[in-house]
Each structure stands twice: as structure tokens, then as C-alpha cells.
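Read through the structure below, which is laid out as C-alpha cells, and then see the notes.
Chain naming follows the written order as A, B, C and D, and within any one chain the residues start at number 1.
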Amino acid sequence: MLKDEISKALAPLKLERVEPGDYDKTGYHLEVDAAPEQMPEVAQALKSTGCFLDSLTALDFPEAFHVVYHFSSFRELCRTAVKAKVPKGKAAVTICRVYPGANWYEREVYDLFGLKFTGHPDLRRILLPFDADFHPLRKVFETEKADA
Amino acid sequence: MEFLTQMLGADVARMVVGLIAIIALVSVNALFLIWMERKVAAHMQLRPGPMEVGWHGAVQTVADAVKLMGKELITPTDVDRPVYHLAPIVIFLPVLLSFLVIPFSQTLIIRDMNVGVLLILAFASLTVLAILMAGWASNNKYSVLGAIRSVAQTVAYEIPLLITLMSPILMVGSFSLADIVAAQERYWFVLTQPLAFILYIVCATAETNRAPFDLPEAESELVAGFHTEYSGMKFGLFFLAEYTNMFIVSALATIFFLGGWRGPFLPGIFWFLIKVYAIIFLLMWFRWTFPRVRFDQLITFAWKILIPLAFANLLITALIMKLR
Amino acid sequence: MINYFKEILVGFWSLLAGMAVTIRYFTKPIVTVQYPRQKLTMSPRYRGHTEFVIDEETRTHRCIACEMCNRICPSQLISLQGVKVDAKKKLPSRYIIAYQYCSLCGLCVEVCPTKALKWSDEYLLCGFTREDSEIDLLRRLQDQQYAKGWPLTPIPRPKPEEPAPAKGEEVKE
Amino acid sequence: MLERGLEEKTYVLNLGPQHPSTHGVLRVELEMEGEFITKADPDIGYGHRGHEHMAENRNYQQFLPNLGRVDYLHALAYNQCYCMAVEKLLGLKVPERAEFIRVITGEMNRISSHLLWLGAYLLDLGAFTPILYCFDDREHILDLLDRVTGSRLTYCYYRFGGVPQDIDEEFVAGTREFIKRLRTRFRDYDNLVTKNVIFIHRTRDVGIITQEQCLEYGLTGPMVRGSGIPYDIRRSEPYSAYPLFDFEIPIGSKGDILDRYLVRVKEMEQSLRIIEQALNKLPEGPIMAEKVPKRIKPAEGEVYAAVEAARGEFGCYVVSQGEVKPYRIKLRVPSFANLSILPELSVDTLVADLVAILGSIDVVVPEIDR
């Protein structure tokens, strides 16, 4: 089972939480919580088991950004959700050395949430104009203000 | 006519009248060809094409031409002005002059020269100069790329074109177009020179920058290639030249391989035009069927396939002629 | 050497096969429709703009101005005003859709408790101004009733500040 | 420009945003040396409409029409994915007939998307005529889907718990006829395109994607299948009624453009097979789940659902805080990841190849921009 393989690969990292998910309810086979600094190692471990980065996004909660990484595999169905809580004002750590595909995802998160990724080679805005001065998916962002 | 003859002498009068006739022919021919191209394309694509102006849209191209003439001639900033303005004229003139030596029928030929073929080919090479001028002067990267491609393409394709035409010339022993037609009294050269005919059609397609060899104006890569920056009638002249060029290469094919104006019942001019338009239809058929080749493949194709085959064909022809 | 010629021949043959396809289609009848000259019949579920269902029995609409459609509309394009005609019954006095914002999702038609809305099969919709695409369903209903020779549904006014225009005038645009 | 270009070795060429072959408003900044590309930098976001932000300000049902506008070519798959995600959140069970209808219409939509791709791709390569034939076929699909869904392009047909309107006999008969028709048309496409020597030379050994790259960039859909990885969510993570049908996953060997082309063409044939089986097995029964709440207010939680769209994996990540509006909806669109490999693929290729590669990725730019 790929699920066990991944758990085994993640074991030496001593992550906050690695437990099987309720697939019928959430669509995850494995739920992982990690510290943002651990993300490159987590990504490396997942890559060694043959997982690819499915999607990367963030959630804006009042106290912190949750960066959510979804991993999946070509070989066997195993969806892994990794969450890294980044307190407001701090930066996440890039994984695009491991997965070059994360480059654009991280740029997108930076663009829409204003969350910086340390170590990212090219952290520019991607969807919005380069001179935009707002981050629309933050909960404090109001549409009306942006229109005006 | 007589007045002109007296004043200028028979030869010059013939030239003047001929030139006027040519300009009329070129315009009418282009208008017809554009309409034909639209109709051929449309019917191959299961649609009717222009239907609104005139019978089955026959006058549509006239309307378009009027629109083109009415359009403002925009000159972009930072173009090389003299060259930019000159290019449409340069592309149009040689095309016009090529008509001088084409025998439309036994008698309908403005000037039968003994180097007719060479004249046409020499003028045809001038087109590339105009394209290079247009592309370079436009100060547009797409245009420059189109122009550069065009030069390389013409250089690569003129060689097999000339070598291919040498085989029938060898059989006739004359560069005069009228002589070549006259030599096909018993049979058309397409029967004895089928390979040369195919090679010629391929080269002619490339020479006129038609799909699948329309790289100088490949719209999916270079937007519109060398004439990206031209508007109004200047663009119209490029367009006119393209379609007139098609007519000339098809006329050459007719003269060299399909017996020129020869044919039963109808007067020679009709046979000539029927054959020319049949070849043009073939070129249009290519365009609406094939994808475009890549630039390096185009050159490879010319040097690795066309030129060896053309040479082989020439050698075999020469051998047979010698043995006979 | 043999490969060289074989490749040329195979390639040449494939080109001829392609040309055979296009010339076959060249002779086939055309499949397109000449747009404004030929009319299409729309499929029964075609989603044009919404309009009132005319009840065969009462010969009028079934709208009770409950504003369900207004609430579910993703684009908030329905401007609906209801007026109480008696203690229980509520009728719309104004039902205008700003069709230019409509995304044709169909939620308003589905949510309607009295099935008062349906799709029209109008597809030749164009106009010069934004106002041209604002469709007054109550007026449209009257037009349809007028065309059938049925009595027109009066448009109730909440509190008429000015005398209501005569029925005949309302039909004329 | 030209004067400066003479001194420097490379120059910058803007491909797009208004360019015939960028398929929408995509701009690729090319650094070129002659006709060779040394660096390509796609610039996206011209069509950014803020779908994800819109989702946070609407309730669950009101977001439905947006899905048809993310990828307008395979809108029904996107509808389905979002519905699946919310159904998972609500714990709804979709009746079997509705699942069958979803499969049939979704696969029809997939064929129409692939057909449009085929035509537009040939247009990129300079062949004009195939797109009209493809449109002719596609028109039949649109007519059929029009009968069922009421719209021709930006469908908004599936609902939480099923589908709102049933399919009728005429649709079934029309679909069967269409399947027959398309199968004969494939022969023409074969002769006109697949076997064409120019087409083969343009596409063979160009834009090769290795399996390693698929993994690194998170590519999905025909992109990975062209590289020989049989990854298809319809098979690997069976959803809807797909486990009931027998179909193959066509894969390529080399991962070049030709492989991706062939994969898509074969996929159309497989889709026809699926539709045929679904029509034969079509069960009777309700089309809507029984207890669909009028007011959609899922409990707190999050869910990730994915479907196989025409371009790859479309994922819908919905986070609910127990309110009528979703807390966050992330749309994982396939084209976004698929396009991100373009800079790597385009180095040291010709412009003509770049156009061919870009076309073979099959991007739908509004989907990337969201």
C-alpha cells in the first residue's frame, strides 16, 4: 500500500500529525500536518515514493495561513493532504527545488494571499497585474474597496 | 490602334496595348482568383462561402477591393520609409512584366523572346527582393523573420525549379515559350516527364509562398509575416502579386507540361485558361488540405529530395535524348 | 537508399489520401445555416431569457412574488416587487430581468414554487443599448396575451402616485 | 529595435496576448536567437475573473454557473466535480440514473472538447480544413446536449444530488446515430491528418515530455498518458458510474506531440464506447436524490474531489465552516500545471515548434486565469 509507504517515508521527520484520512468524507487517504520549515523534506519524502504535487493552495484563517498541499500518485490511488500552518507575518518555505511545478502554485498563493515563500527563485505576481497592491483572497479584502 | 501604330511603330504599339491588356487581366484575374479561392475553400469545408454580394458572392472581391482602396495607408513609426513604400511596387512590377512573354494562344503573345523562360524566372526571383524589403523595412520582428524565411526558401527552391524545367527545354532545344508549346504537338510533356511535372508543381507552390510552404506568412507563427505592418492598398498589392504569381507559375506549368493553348474545338486562349485555372485549383486544393511544414524541414526537403530528384530526371532525359 | 525512396512514396501517397478526403467533401452539400436568412427551431429546453408561464385555465401568470428566484439568482439580476392585492394574495407589480447579466444557470426556473417561470425560445436577441436587454416579464406577458386575444393581466401598482395608464397604452411599446 | 538587435545576440519576441495561435489571451515572452528560443516565459492572468473569490461571496448553489465558465470546453466535468465535492460534504447519494446521465453527457462533452482541440491544433500547424469538419461533428454533439441541458457551451446542468431534467428517447436515439456517424468520420480524420506525412514530421520527436517531468510538474490527463503513464482518474479513482463500464486507457510511448495527439484521438473512441455502454445499461429511476435540502448548509469540514476532465485532473477543494457560503473553494485546474512545463519544453526549439507544443498542451486560458 502506498499509504503505508508514505507513512514510513515520513516517519523519520517526526511530523506533527500523520494519520489516515476518512476517504469517503474528505477524499484523503492520508492527512499530514507539518511545520512550514519541514516542507522541503516532506516533499522530498513524498517524491521518493512517487507522488506528484496535485495542488497547492492556502486558507486564510484569522490566526494563520494554512498552506495546503495535495499530493497524489500515478501508480496507486493515494491522496495525501499536507497542511502547514504559517502564522500571520511569517513566510512559508518553498518546495519548488523538489517539485519545479510548485513554482507557479507558490507564485499564485503569493499573488492571491500575499504569503511569501522563502527560497523561491522568482516570486512575482502571476495572475494579477504586477503593480497590483492587494491580495484578493485574504479574508480582510473587500471587493468594494478594490473596485473603488 | 492605327494611330498608335503610325506614331510609335508596330512593335511599340503592340507593347503598349499589351501592357494595358495585362494590367486589366491581372486585376480581373486576381479578383476572380480570390473569389475562387474562397469558394474552393468554403466548399471543401462544407460551407457556402461568400453569398451576399452578387451571384454567389461573385462581386464580393470587388467590394473588398473598394474597401482596401478606401482604407487609410498607415505608416508605422520607425519604419524605413523609402524602402517600406517601395516594397509593394517592387513586388508588383516583375509580376506584371512576366506576362510579356507568355503565349496565351498561337497569336496572342506580346513578345516572343528566345529567352522567355529565363526572363520569367529572373523576374520571379525579384519577388523575394520585395519581400525582403518589406520585411526588413517594417521594423517588426515577425516581418523580419518572415522575410528571412522567404529568402532562404526562394534560394532553396529556385534551383530545383530551374533544373526541373531544363528537362523539357532539353527535349525542345529552345528557351522560347512559343517553341515549347509548338513542340508538344503530338503529346503533352506531362506524359514523358511526369516526375518533372510533380517536382515543378511542388517548387511552384513553394515559389509562390502557398501552403503548405507558406512560411513567410505563416499566420499561426508569424501573425502575417512580411506584410504584417501593411494596410490598405499596399497590402492589396501584395495580395494581388501573390495571386498573379500563382497565375504565372500555373501558366508556365501549362506551357511546359500541358501543351499550352493546344486543344480541340475551342480557340487556343480558352484551352490555355482552362488549363491554367485547373493548375490553380490544384494549388488551392493543396492549401486547404495540408498542414504547414516546418522551416528546417522545408529546406531539407528542397536539398535532400527535390534537387537530387530533379538532377536525376535531367540526367535521364539527357541520356535518352543522346541515345535517340 | 530503398528507405529513401520508400519514404518519399509513402509520404506522397499519404498526401494523395488527404487530398482525396477534401475533394470528396468538396462535392458534398454544405452543412451551415445562412444566419439571418434561415431560422432555426430551438430545442424544447433551449435557454433563452425567462418568461412567465401562461396558465391555460386562468390565462395569466402564476407568480406570487415570493422572491425565491430573486434570492437564488447568482447575478442578482431580477428586480422584483410584489404588492398585496388582498390579505393573502401577493402579485408582482414589477418583474424585470437584466438579461445581460444572466448566466443561464436555470436556478430561478427550478426554484420557483409555483412553476411560474419558463425559458423562452427567443434567440435573435440584439440591441444597441444596455437597456435593450432589460426584459419586463409582465409586459411581455401582456404582449403574448394580446397576441392570443386573451384578456390582459393588469399590472398592479403599489401606491399609485399617478393614475395608471389605460390598458391599450401598455400594450404598445 | 532592429538596430539594437544587431548588436545583441538575442532578442525578445512577444507571442501574444493577441496572437493567432495562443488560444486566448496568453502571452509568452520569448527570448530568441535567430529562430531558436533560448527562454520562454508565459505570462498568464489576462482573463483573471476571480472565480475563487466569487465563490466565497456566494452560496453553494449560486456558484454553479461559474463552473461552466472556468473551462468552457469541458464544462460538464467541472460541474460534476463541484457537485461531487458538495455532495460529499452533504453526504448525498446520487441515484444511479442520474450518474448514468452524468456519464453520458460528460463523455459527449469530452468528445466535443477533443474535437475542438483537434481542429484548433491543426489550425496551429497550418491546416485550415480539419477544424471545419470537427465543428461539423461537434455541432451534432452540441445539438444533442442542447436538447438535454438547454445550452450549447457553458453548461450548468448538474445539481447537488442529481440532474434537474431527464433525458428523453429522442436524445438516446440521436446519440446512437451520432456514435455511428463519428466512427465513420474517424477514417477521414485518419486519412486527412493522422497519416499525413507533413503532420507526422511536424509532430514526431517534438516536445518530448519524460515521465520524470510528468511527476515533477504534476501533469495530468493526455499529457501524462502520452508519456506512457496510464493515469486516468476515471480508472484510478473511480467516481460516478465509471466502474460499471469497460474502457481502455490509451497511452503513448515517447511522450512527443504525436503521442499526445494519438492519445486524444483514441480517447474519443473510448468515450464513444463508454457512451454506448451507458445507453445500453441506462437504468430507470429517479434523477434527483431524495433528501436534498432546500438550503445548502454543509457541516464544518473540507473535501477534495477530482474528475478526469478533457485536459487532465480537475480538482475541487471545498472548505466549509458550516455556513451558507463556502469558506474557500480552490479549483485545481489541469491547464495551470500543464502549462507550467512550457518554459522547460520550449528551450532550443523553433517558433514553429513552440506553437506546436503549446497547441499540444491543449490549454484553455480562462481556466488557467480563473
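The criterion applied here is as follows: a contact is a pair of C-beta atoms (placed from the backbone, for glycine too) under 8 Å apart; a residue touches a chain by one contact, two chains touch by 3 or more.
Every value quoted in this text rests on a predicted model; they were computed, and no experiment measured them.
Think of each touching pair as a link: the shortest run of links from subunit A to subunit C has 2 of them. A summary of chain positions shows that the Cα centroid lying nearest the centre of all protein Cα atoms is that of chain D.
Of the two chain pairs examined here, B-C and C-D, it is C-D that is joined by more C-beta pairs in contact.
The chain with its Cα centre farthest from the Cα centre of subunit D is B. Note: centroid distance subunit B to subunit C, computed from Cα atoms, is 52 Å. Note on chain placement: the centre of subunit C and the centre of subunit D lie 28 Å apart, centres being C-alpha means.
Inter-chain centre distance (subunit A to subunit B, centres taken as mean C-alpha positions): 61 Å.
The centroid of the Cα atoms in subunit A and the matching centroid in subunit D are 24 Å apart. Residues of subunit D in contact with two or more other chains: 129, 133, 136, 192-193, 196, 198. Across the assembly, subunit C contributes 15, 18, 21-22, 25, 31 as residues in contact with two or more other chains. Multi-chain contact residues of subunit B (touching two or more other chains) are listed as 44-47, 288-290. Taken as a graph of touching chains, this assembly has some other topology, since it is neither a line, a ring, a star nor fully connected. Chain pairs that touch one another: A-D, B-C, B-D, C-D. The touching residues of subunit A, counted against subunit D in their complex, run 24-28, 47, 50, 52-55, 57, 59-60, 68, 70, 72, 74, 76-77, 79, 81, 99-101, 103-105, 108, 112, 125-129, 136-137, 143.
Interface residues of subunit B, counted against subunit C in their complex, comprise 40, 42-48, 51, 285-286, 288-290, 305. By the touch criterion stated above, subunit D contacts subunit A in their complex at residues 44-45, 48, 50, 52-53, 56-57, 85, 88, 214-219, 224, 229, 231, 236-237, 301-306, 313, 315, 317, 319, 327-328, 330, 332, 336-337, 340-341, 344, 369-370.
Touching subunit B in their complex are the following residues of subunit C: 8, 15, 18-19, 21-23, 25-26, 28-32, 34.
Only residues 1-2, 5, 11, 13, 19-21, 35, 122-129, 132-133, 136, 192-193, 196, 198-199, 201-202, 350-353, 355 of subunit D touch subunit B when the two sit together in their complex.
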